[in-house]
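Alright, structures below, take your time with them.
Two complexes, one shared chain (chain A), two partners (chain B, chain C).
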Partner chain A sequence: MIKIQIHKNLHGINKDTDLDVNIEIKSGEFLAISGKSGSGKTTLLRILAGLEKAKGKIEVNGEIWLDEKNSLIPQKRGIGFVFQDYALFENMSVLQNLLFVKKDINLASHLLQITELSALKNRSTKTLSGGQKQRVSLCRAMMNRPKLLLLDEPLSALDSEMRAKLQTEILSLHKEFKTTTIMVSHDPSEIYKLSSRVLILDNGKIIKDGTAKKVLLKTSGSQKFSFSGELLEIKKVDVIFIAIVSIGQQLVEVVINESEAKCLKIGQTVNLSTKAFSPSISY
Partner chain B sequence: MNKMSAKITDIQSLNNLNLVSFDFNGISLSMVSLDLNENIKIGINVTLSAKATNVAIAKNFNGELSYSNQIKAKISSINNGQILSSIKAELNNTILESIITFKSCKRMDLQVGDDILLLIKASELSMLADF
Partner chain C sequence: MLDILQNINYTPFILSFKLAGLTTLILFILALPLSWYLSQTHSKIKPVLEAITALPIVLPPSVLGFYILYTLSYNSSIGAFFHEYFGIDLVFNFHSLVIASCFYSLPFMVQPLQSGFESINKNMLEASYISGKSKIVTILKVAIPNIKPALLTAIIVTFSHTVGEFGVVLMVGGSIPGETKVASVAIYEMVEIMDYSSAHIYSGLMLIMSFLTLLSVYIFNHKQKFSGFIK
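This part shows the complex of A and B:
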């Protein structure tokens, strides 16, 4: 069990806010944290790692990492940390990067096998692709069998195919080592696949806490297929109207009637929704 | 969007699939839905919606239809375009619109004042998020 009760002033670009987090995390839980930039996600991870000061208390399996008097130094916390940039020692081989953390050749070989890196173990990390480097970072973070694994948007620099592959590997590692893990991520599919619990942080406060489906499924009444977008144009055709809405990187068209067309303003944020029964899926 | 004020009369659930029944001015309506919001209970009033393009029309009909929602109404206005027609029907101060092809409107010889049946599938009826 990990108990986190911390408070810290966040200096934002526009205004200062307070990071106030009071949560308990079960051993072996895979927790995802999502939220806008500046909401305090990375700061929270850095506080847990001991890289940043904060007021409050952090207790991990009965061991005090932080209280009014003491703050355990990062090296003694038993933490694995993977950042978006790989932070590897480039003058060392893949295997040396792992052994630098702990001289445990059996564990290193096992980790490299799970992540399909065995064949590359003697390669210099300089010569690796982004996906390979991130797998090495992940293995290195597991070398001291951490009590807590912290992943700060570990896959956001990778393409979608490599992301999917690494998600599977993170899941295999989590199943085998049962390491309590906290991952910052913006990707709903990643959060759904990996996490057993999601927190949404907003202005330093937890505004949602639950399973991925409960927290991230956008609904509108009984309609489960819901997206918000910007209304770009309304065109009249015959007796109907067609609204053009941009959602993410795409444009979609929606047929509306006259009374709906009258109530809408170009440029406004609108919610498009339909029942889960209507959309079809193709590939 | 067609809106109807109705009261929930029954909820039948199987895992996260639900069949919800409503009373809309004495007419029984039903909707299938995945997970329901926790506030949805028998006895509460909700607003139902159905897109005009998902509402079909029958006239002088004799036979059986699979449509769970069959609403008797009287045509109050017809707006014919070149391809589509907007048919509005009124019942108990609620105006419901159906958009059908102009061809069908002509074939059925729909006229203002006609008694018709508005047809909506249970999967095309929704509850709006106003609870």
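This part shows the complex of A and C:
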């Protein structure tokens, strides 16, 4: 059980906000944190790692990491951290990166095998691709069998194919090691696939807390489909109006009536929903 | 030509290199912790320390030499202390040259190391702390190996700069053959007594050696940038 009750002043670009987080995380849970940039997600991870100061209390399996008087140094917390930019030790080979954490050649070989890196173990980390670097970073974080694994947008720099592959690897590592994991992510499908619980942070406060299904599914009432997207353009074609909306990586055209066209503003975030009963899926 | 090269008195050169080698070694040991501190601290005294370390770049060597001479001579308490208790004189001998060179070349060691340390990805250091490694282990195993080009630049530039120093050496050490008469001072004296052929040979040797050292630094740094495999 991890109890987190922290408070910190965040110096944002536009305004100062307060990070106020009060949560309990069960052992073995996979928690995802999502929210706009500047909402305090990374800061929260860094506080948990002991890399940044904060007021409050952190208790992990009965061990006090932070209270009014003391803050346990990062070296003694026994965590794994995967940085957004990988942060591999560039002077070492893949295998050396892992062994630097702990001289456990069996575990290192096992991790490299799971992540299909065995063939690259003697390569300099400078020559690896983004996906390979991220895997090394993940393996390195697992080397001291952490009590808590922190992932800071671990897959954000990768293409969708590589993402899907690494998501599976993260999931199998989580199942095997049963490490309590906290991951910052923006990708709903990633969160849905990996996490058992989602927090949404906004301006330093938790505004939603629940299962991925409950927090992320945007449909409500009788709607069958609902997507949120950005309104890019409204075109008038003969007597009808067509709105072009960007949803995820795709653009869609929707017919709207004149009064709707007058209310909507370009750049606005809009919800697109349908009540059709049997939509077809094709690929 | 070979005749001329064989008949040259190489003592000033040997002295120059001995001085530069010692100075580089001492400065390397002293500057590593200082430059690490400067690269990591956000303290208010950082600009003060940076200004002090950079002073030898702007000060005329004669000014620096004068202050060092004054501080180390018997007239000052430091000079008197060493003379009284250790029987060591700190001026007009080789010791004084080493002390003066350490001050004179300090920025050339500290600045490349500091910018090297500053250029390291902070997350890399934090990853090491999180792995349970202390600051010392992190500096030795992660920080220093990742700034090899900066290390080499610092060492070579400090060495070359000390070989090339003239004003401070002359002020603090004078020109005692075999003791304080380094190559640059020797060349100055040769020109003064109009022995141009010797001055030519000495200067030519200095030029070639300086060029070769700098060339090797640049070749190494270039190779470092494009090297892929760790042996």
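Basically, the second predicted complex is superposed on the first by the 238 of 283 C-alpha atoms of A that agree within 3 Å, B and C clash if a C-alpha of one lies under 4 Å from a C-alpha of the other, contacts with A are read in each partner's own complex, and residues count from 1 in each chain.
Criterion: contacts are C-beta pairs under 8 Å (C-beta built on N, C-alpha and C of every residue); 3 or more make two chains touch, one makes a residue touch a chain.
All values reported here derive from a predicted model rather than from experimental measurement.
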Requested in this report: Answer with first, second, both or neither: which of chain B and chain C does A:Trp65 touch in the superposed model?
Outcome: neither
Report task. Check the contacts made with chain A and report whether chain B or chain C touches more of its residues. Result -> C
Requested in this report: State whether A:Phe30 touches chain B only (first), chain C only (second), both chains, or neither.
Outcome: neither
**Report entry** First (chain B), second (chain C), both or neither touched by A:Glu260
**Finding:** first
Query - First (chain B), second (chain C), both or neither touched by A:Ile240 - result: first
Requested in this report: Pick one for A:Lys275: touches chain B only (first), chain C only (second), both, or neither.
Outcome: first
Query raised in the report: Can you list the residues on chain A that touch chain B in the complex?
Result: 219-224, 238-240, 255-258, 260, 275-278
Report task. Spell out the residues on chain A that touch chain C in their complex, using ranges where they run on. Result -> 49, 51, 73-81, 83, 85, 87-93, 96, 100-102, 122-124, 126-127, 140, 143-144
Report summary line: In their shared complex, chain A is touched by residues of chain B numbered 1, 20, 31-37, 49, 51-53, 79-86, 97, 99, 123-124, 126-130
Report summary line: Counting only contacts in the complex, chain C reaches chain A at residues 121, 123-124, 126-134, 141-142, 145-146, 148, 227-230
